[in-house]
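See structure below.
So that you can tell them apart, the chains are marked A, B, C and D in the order they are listed, and the count of residues begins at 1 in each.
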Amino acid sequence: MSRQPFSPDEMMTIAAARALRDDDVCFVGIGAPSAACNVARLTHAPGITLIYESGTIGTAPEVLPLSIGDGELCETAVTTVPVPEMFRYWLQGGRISVGFLGAAQIDRFGNINTTVVGDYHAPRTRLPGGGGAPEIASLSQKVYITMKQSRRGFVETIDFFTSFGHGEGGDHRQRLGITTAGPTLLITDLAIWEPDPQSREFTVTSLHPGVTREAVQETVGWTVAFAPGLSETPAPTETELDVLRALKERTRIAHGG
Amino acid sequence: MARFMELGAAVSAHLRQGDTVAFEGFTHLIPHAAAHEVIRQGIGDLTLIRMTPDLVYDQMIGMGLVRRMIFSYAGNPGVGLLRRFRDAVENGWPRPIEIEEHSHAAMANAWEAGAAGLPMAVFRGYKGAGLAGVNPNIRHVTCPFTGEELAAVPALRPDVSFIHAQKADRAGNVLIEGIVGVQKEAVLAARRAAIVTVEEIVDDLGAHPNACVLPRWTIAAIAVVPGGAHPSYAHGYYGRDNAAYIAWDAIAGDREAFRAWMEEHVLGQGPQVFAERVRELRT
Amino acid sequence: MARFMELGAAVSAHLRQGDTVAFEGFTHLIPHAAAHEVIRQGIGDLTLIRMTPDLVYDQMIGMGLVRRMIFSYAGNPGVGLLRRFRDAVENGWPRPIEIEEHSHAAMANAWEAGAAGLPMAVFRGYKGAGLAGVNPNIRHVTCPFTGEELAAVPALRPDVSFIHAQKADRAGNVLIEGIVGVQKEAVLAARRAAIVTVEEIVDDLGAHPNACVLPRWTIAAIAVVPGGAHPSYAHGYYGRDNAAYIAWDAIAGDREAFRAWMEEHVLGQGPQVFAERVRELRT
Amino acid sequence: MSRQPFSPDEMMTIAAARALRDDDVCFVGIGAPSAACNVARLTHAPGITLIYESGTIGTAPEVLPLSIGDGELCETAVTTVPVPEMFRYWLQGGRISVGFLGAAQIDRFGNINTTVVGDYHAPRTRLPGGGGAPEIASLSQKVYITMKQSRRGFVETIDFFTSFGHGEGGDHRQRLGITTAGPTLLITDLAIWEPDPQSREFTVTSLHPGVTREAVQETVGWTVAFAPGLSETPAPTETELDVLRALKERTRIAHGG
């Protein structure tokens, strides 16, 4: 375990990275998911296959892409396919083991909104929309979500169902004919959440070092459920932090930021 | 059959007020120069199609040229929202905009169906997704073998499609390499004309047998515009101008700043400025 | 995840009596060596899938290993008919064969749908065609946007698919170049396993970014069999043995001559003979 | 015009070649169509685009392919695409101006059989089947057919509708919702046939040099209609014959025949 101080954001990325396995085929969303997936690749999961929706399969970028289709994703990929093929053969074909998403709003059942704040037809804030998320959420074998906690993001009721998590909970996915597992992991800057086996409500199963139950509850718009055997997330190791920070630094320089 | 033309002539020869038009590119090879030419010519009342409308659609919307947009992700990639698009949706400025919103899977399938001459695309999608409730163009068909209900969306068939590509040979065959997105589909789905800007004309494409090559008879016009994808990039020619994407957020955040920027960088310029813009980004 | 294996071990590990199996290749890269290994192992009661069953399916049929065949063109390309296939259809020798016959368009679409994880393919086809009257797996769906009636066929999903490819890298990624046919689709549509024979293993595929590469985790087993496509060909390695295709007509025309040929050239041999067979054809 | 003697087969190929234009995009069947298309390319139509169903677009082979997917088709092509794309984007997409087919049996309305002789379920002769022909016939803007005349091939009633020509004639295509023109030209070793504008029955419009009406009728299983302004097909030119014979000779050598 590291003696270095680390930020909640770093803890989030590293905890998310740890969830990935060497044999995962991961459909990578931009932002926090992309950082986590590449940290996994650069630490314990060198064999992981990272796929970006721009068509790059098995990519291994030196720096984090700013967009979903940066040139380095293609240059370091095993192959790059047309976008229709990506969605038909690779996602719809059932070949993605983990779809990794971020979100603007999430509810307790892992339903996600990245479309609008307010009414769809007269929104207060028009967000970018779903992109690949609706089908990543329904067609990946399972879905991991990573986002920072805030009252604005963790809401009782999302304004729009951009992508379907566990709906109203229970067997709602199955009732819609969705055969995949859906969101099985939510990694935030404060905690790790997993769905309750019955209700499918996301439940805190691990608090990051130094985080209290109260801190988690304060940033969430519903009454948080904590698992009985609540554990503490191991702090980032020296290696994990070094890899993440080096990646971020290379990225900062490359993007002229 | 591909004709080599000046960009301005190619645009005025093929694009009309009120057309449905796509300027496709999935982060890579976005035809910025072509869209700027359309803005300069003031061709408006357009229905724009693109999976990932970004800066250049924000610009067309902000200039009031867009009546309707069909899309699946309207953001500034890695940066945030599209502020001119938001202003049009939220405040109707400079004019209200109609939207037809899909998922990427739906749009990609709809492009494929357009290229394939089909009226619709069929795929497994939109399950539990809110768009199915607000977009009447999301329908269903039932598999006559399994009974499974599958999603259906109309094929995309713009009047005119614009793309940017690395190169054309002297006969007018066009090569696209790297992240090829849906550009082949956009060209083949165009009802009236496909217009291609290229980095250069070469004697021999030097293409791998299975490379993405568009035969000359699928294209109406080719215009040579080095740097024509800037601030997007052209694999093998120049990198993405990430700083320009980041800077756009502030420019587009203010109506006056936006108008001033457009005057200076688009309205008062021509296609030839793009070569200069990528000089420092060449790879 | 691709495992490098001997061909015999790969076949016996993955293919079972009664399976539905495809040995795909559109003139180019036909996996003859793999099919010969299946014949030697006597794995029978098979349902064979292929758009263009040619010599090697004629051989499997003549050896009595085939219960059923799904296909769209059963000929010896440029030469004529498949005489073992004819004997099975016309005379039930050595056993009757069931057929499910399609057009190329239907089969190509059905492979695409299989790779895409869909239950069916939808296309504009079979209008006025007699097959629609004799094949109950040709059905229709109605476009919910235009009302057009389109053809539908079930997706192809074999238990096991075999293909031959130019090369694999040491991680097990496989490259196919030239006429790529439906091989990517056959691999991705396989329910249980895809098995690939390759000309060689290399350190680096040296592939163009948009080349047809099958990632290692889409493949169950890779066997190195130089010449494994003979008398078909491998672009960049050796040419097609047209004389062998022409000669097949006489061999297959007679039951005894056929059996004797199979004894000598298939049953009494192993995968290693293919390298010798292409020695004179190398390019 | 040539002083050399020429065979009916050569006349057929050359007459078929002449029907093609420099701006045609031609979906080429193997055998006689392939020879005709390549003679056209090597004489008056150097700009013609030849497409074979193996995926080769804009190919320019030095020798005639034995199969539909010979290596040279790919090596000399503008590009080679996957077979599903060939049938979806290029044929179904409406981009083929001329589909060029051969046949085992044909009837007076240009309906073609290459599937079976006899009953489909208990055939006397099982033929290879349709391959690409059913959709080439319905989706190409127009169809040219080339085959040698014989009583076995030119029949009153075909045994199986492998591909649809003009059906029972008249507006039968339109009644089935087929929007393309269908067979507009039939080139044999004896004559050139075109469909009657009303009935769509194939009618002889030109006799090859030295061919009589009787010779045509003798090889056809129905009562042949001859157009009022029946003309004579111009004999092959020196150039046409030279090009065709050189092509055949190169092909013979290349295929080890």
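One rule holds in what follows: a residue touches a chain if its C-beta (ideal position, glycine included) is under 8 Å from a C-beta of that chain, and two chains touch if they have at least 3 such contacts.
These figures come from a predicted structure and were not determined experimentally.
Student: Give me the chains shared as neighbours by chain A and chain B.
Tutor: C
Student: Of the pairs C-D and A-C, which shows more C-beta pairs in contact?
Tutor: Here the pair linked by more C-beta pairs in contact is C-D.
Student: CA centre of chain C versus CA centre of chain D: separation in Å?
Tutor: So the centre of chain C lies 28 Å away from the centre of chain D.
Student: Taking each chain's centre as the mean position of its Cα atoms, how many Å separate chain A from chain D?
Tutor: Whole-Å distance between the two chain centres: 57.
Student: Whole-Å distance, chain A centre to chain C centre, using C-alpha means?
Tutor: The mean C-alpha positions of chain A and chain C differ by 40 Å.
Student: Taking each residue of chain B in turn, which ones touch at least two of the other chains?
Tutor: 112, 116-118, 123-124, 148, 178, 180, 184-185, 209-212, 235
Student: Can you pull out the residues of chain A that are in contact with at least two other chains?
Tutor: 74-75, 80, 88, 92
Student: Considering only which chains touch which, how would you classify the arrangement: line, ring, star, complete or other?
Tutor: Topology of touching chains reads as other, fitting no named class.
Student: Per the touch rule above, enumerate the chain pairs that touch, sorted by label.
Tutor: Touch list across chains, by label: A-B, A-C, B-C, B-D, C-D.
Student: How about chain C: which of its residues touch chain B in the complex?
Tutor: 116-120, 122-124, 137, 139-146, 148, 150, 152, 154, 177-178, 180, 208-212, 235
Student: Which residues of chain A touch chain C once you look at their complex with the stated criterion?
Tutor: Listed in rising order, the residues are 23, 25, 49, 57-58, 74-75, 77-81, 88-89, 92-95.
Student: Could you list, by residue number, the parts of chain B that touch chain A in their complex?
Tutor: Interface residues on chain B, with respect to chain A: 26-28, 51-52, 71-75, 77-79, 81-82, 85-86, 89-90, 101, 103-105, 108-109, 111-112, 123-131, 134, 148-149, 178-182, 184-185, 212, 233, 235, 239-240, 242-243, 245-246.
Student: Which residues of chain A touch chain B in their complex?
Tutor: 30-31, 53-56, 65-71, 73-75, 80, 82-84, 86-88, 91-92, 115, 120-121, 123-135, 137-139, 160-164, 167, 172-173, 176-178, 255-257
Student: Quick one: which bits of chain C touch chain A in the complex? Just the residue numbers, please.
Tutor: So the residues of chain C touching chain A come out as 1, 112, 115-118, 173, 184-185, 188, 207, 209-213, 215, 217-218.
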